[in-house]
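One chain, chain A, links the two complexes that follow: it is found with chain B in the first and with chain C in the second.
== the complex of A and B ==
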């Protein structure tokens, strides 16, 4: 009995957590007139309240069609987002994965100090390094280009922090055995580290995907040309009077995230849990 | 024999040096993009922002007498001090309940629904927040039906609490998973044995679970601090550069100083925050003797 009540209570709480998403998707399926009517309270400052609608009366994909065919700028921003995310993740794979391996499996002087430094960098809010980064990027003539976001993004230390743990749990005996067999360090990394750390790598990349898909502070500071903006900045700038476009665009951005989340959920959960595992 | 040891030591040293080679590209990048530019900012924090002449601690004096700085610092500290314990507590409660009372299959769905909120782009959320917390929005519509007075959520002191709620909503999912990892690693026989001996749920929780959850505690604290800085996104998108006073954070202040080109002030404030975070990490590491 107690078990049932607690289970149902938690299920309801979980559902409440998902409510905003359900609301967003159902609103995106409304026709423009239905949507404007339910939002009229906000748009026209009348005495009524916004109406709570979870199922549109006349579901329609018209707003989706309108966004996909009549809004070229949506595609440009979507492409901008993809470009930034893909290059940052690729760069992190090349730079971050070996670094995490080095920290996890080797001992060298100042290692502890260096790793602490990495964690400090990881914890810095963007605003703290904003001025220094701006001055540098300005000197490099990168302001107002995507490189101003991609280049610093490649050296983010967050994924190294995550990867460190998943490499750490690989037993040292395997590596020693390979070394005795005459494998070089680089070979060991490629043939043992990468395959055994695969899940950790995937989950780190997933976490970074959500981070860079959602990026706001950097583009806001470094990109003044709106044509370069990613979705995360473009969306909030659609005014509520274009509510139909606004909801559909939000729903599509949300769908991309949810799709990737569901596809990688297993890895994501596993990767998050390795963080709290004891050795 | 002595020679043998020497050779071994040498081999060992060489092998350890190779670790640095793996780290080198990343380290180089950090030097170029973070450490060297930041040392420039440290120097600027002691200089006049226009002439770049050394003026001692003038910039630091400036910000400590600045009212906007006091407000923003207070709000940011208040936010962190309220949110992080609240997040730790709520997610721990849910994790323990899931572990002790909910079967694994259902528990999986509940975890998913909590984790899902973490991946929702802020930009999508903000649209919904506007509809929920508008003066004529959904929350007030429900209040109205229940016979309560409506509240102007976003333009009064309640704005701060909306931000707290939004943070908890977003960050509870991974915290639950991190607690559960810790809980699942605890020997089941130990818990069952304690139950046979007549220990209640509370005793199991305080005597067996809690002492084994230090690693989870440390990790959740670190990640939730990182994410607490990101509520700026919600605050900025809902309220712009100058939102209600109650949610005016250090991030807003930095941004506004940046727009005003008050580089001296930003430099000094950056140095202070950086030192504070470095100290925080050292304290956390000591506290939990973690190998991080």
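== the complex of A and C ==
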């Protein structure tokens, strides 16, 4: 009985947490007039609340057709987001993974200091480094180019922090054994580090995907040309009169994130769990 | 089943689920790519394609267009033989010919036949004249005989009481002699003065010339063939076969214009052919005698050495009523109006998600002058580099996105 109550309680809580998503999907299937009626509280600035409608009266795919077949602007931003995310993740794979391996498995002077510095940089909010980053990127003639987002992203310290933890749990004995068998450092990294740290790498990449998929401040600061904006800036640019399109666009954005999450769910869970493990 | 198998099975199942979602993600991205193309295609089909013009200096001419025909001042008809077949025509409208050039050929047998008919008519008239002479001579002789007989009778009766009677009879005959033969004389005179005989003689002379040249008809004078009234392999109907215009005597334009427009036209105004560079000067503009809503306009060509001009050609001329030069002019197609206010749609660059796009911005303008082609607008409203929409493949409204025509 007690278990049932807990289960029901959890289901209710789960439903409450899923409500924005349910509302998003149901709104994307509403006609424009029905949607504007449900949002009338926002549009008229009245004291009323927005009506949450879970089942549209007259479900329609008109907004989907409008967005997917008649809004090339949406696709420009969609592919901009994909471009930024893919290049950032590729860069992190090339730069961040070896850096994390180095921190995890090698001892060198100022290692602790450097790692602390990494953590401090990771903890700094964007607003703190915004001006200095802007000046630097401007000096490098990278303002208003995708590189102004991609380049700092490649050297993000957050993924190194996660990867460090996942590499750290690899027993040193295995590495020692490989050394004894005559394996070089690079070989050990490729043949032992990468396979054993796979979960951590994938989870770091997934977390970074969500980070850069939803990026707002950096593009808003560094990209003045709307044609370079990612999807995260397209959605706030849609006025309330185009709310129907906004909900569909959000649903598509969500769909991409969900597919990525489902494809790497196991690794994400395992990768995050390593963060909690004691060294 | 061993525990390890179960564990392996679970792992494989998990793998399958992951690869399934990766596949879905790949299909999703491919779909997004296809939709990207479709949405761009749809956009390119719906965005109006426009042609633009910039402000430029131009002369605005207010003109009245008149359609009419070019005619020669001196025309000569080339005679034809009615009822004869035309074998061939060697010239066309606009051909330049010299006197004596062969224009067309008629069927020789038909011409001979017609000549023979004319000859018969001439013979008939000559016979009638001959007979009239015979009648006259006979009547004269008869009258002379009567007078002679009366005179002899009078001489014989001399000294008798009847002398006076014979004398008066003789004198009466003598006095009436001219009166009695005058009708015969008049018949001769009438026949001699018959112009038709003269015409017939002229005609037969022409026919004989044609027969001598085996049916070929030649140009009676030099000039340009302005009209051909016969056609090949048909029987000629009218008295004239062609019209030859002597262009050295000048060419004039004859046209009609609605009276409302015609009232603005004054003698001496300049005009220009709508196509080509031929210039004209208006010589007269007067109300049509049959229709008071129409005015007849005559204009002469300023430079009739122009080789493009063809007599009989239909042309439209623009009579220039006024002409003034302005710095800021655009084609009239670019001018739009709403609620009695004039405006133009100017291209404005806008930074959008699709890069730099053009939008149609409405700019209200004041008109200084305009005609059917150009409009002059007041300065300081539109910049010299602004591009004004003058044509589009779809209706363009304020703030519409547009694409420039390549």
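Just so we're on the same page, the second predicted complex is superposed on the first by the 271 of 279 C-alpha atoms of A that agree within 3 Å, B and C clash if a C-alpha of one lies under 4 Å from a C-alpha of the other, contacts with A are read in each partner's own complex, and residues count from 1 in each chain.
The rule is simple: a residue touches a chain if its C-beta (ideal position, glycine included) is under 8 Å from a C-beta of that chain, and two chains touch if they have at least 3 such contacts.
All values reported here derive from a predicted model rather than from experimental measurement.
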Simultaneous placement of chain C and chain B on chain A, clash or fit: fit
Chain B versus chain C as contact partner of A:227, first or second or both or neither: second
Touched partner set for A:157, first chain B, second chain C, both or neither: first
Which superposed partner A:113 touches (first chain B, second chain C, both, neither): neither
First, second, both or neither for A:131, with chain B first and chain C second: first
Of chain B and chain C, the chain that contacts the larger number of chain A residues: B
Smallest separation in angstrom, by C-alpha atoms, between chain B and chain C in the superposition: 15
Footprint overlap on chain A, comparing chain B with chain C: 234, 260
Residue numbers on chain A that touch chain C, as the complex places them: 68-79, 82, 224-227, 229, 234, 252, 255-256, 259-260, 262-264, 266
Chain C to chain A touching residues, read off their complex: 14, 17-18, 21-22, 24-25, 28-29, 32, 35-36, 38-40, 42-43, 46, 351-356
In the complex with chain A, residue positions of chain B that touch it: 15-23, 25-27, 29-30, 32-34, 36-38, 40-41, 44, 94, 97-98, 101-103, 106, 109-128, 130-132, 134, 136-138, 140-142, 144, 169, 172, 174, 177-182, 185, 215-216, 219-220, 222-223, 225-226, 229, 232-233, 236-237, 250-251, 254-255, 258, 263, 266-267, 270, 273-274, 277-278, 280-282, 285, 291-292
Contacting residues of chain A [partner chain B, same complex]: 2-3, 6-7, 10-11, 13-15, 17-18, 20-21, 23-24, 39, 41-42, 45-46, 48-52, 94-96, 98-99, 101-103, 105-108, 111, 114-116, 118-136, 151-152, 154-155, 157-158, 160-161, 185, 189, 210, 213-214, 216-217, 221, 231-236, 240, 246-247, 250-251, 253-254, 257-258, 260-261, 265, 268-269, 272-273, 275-279
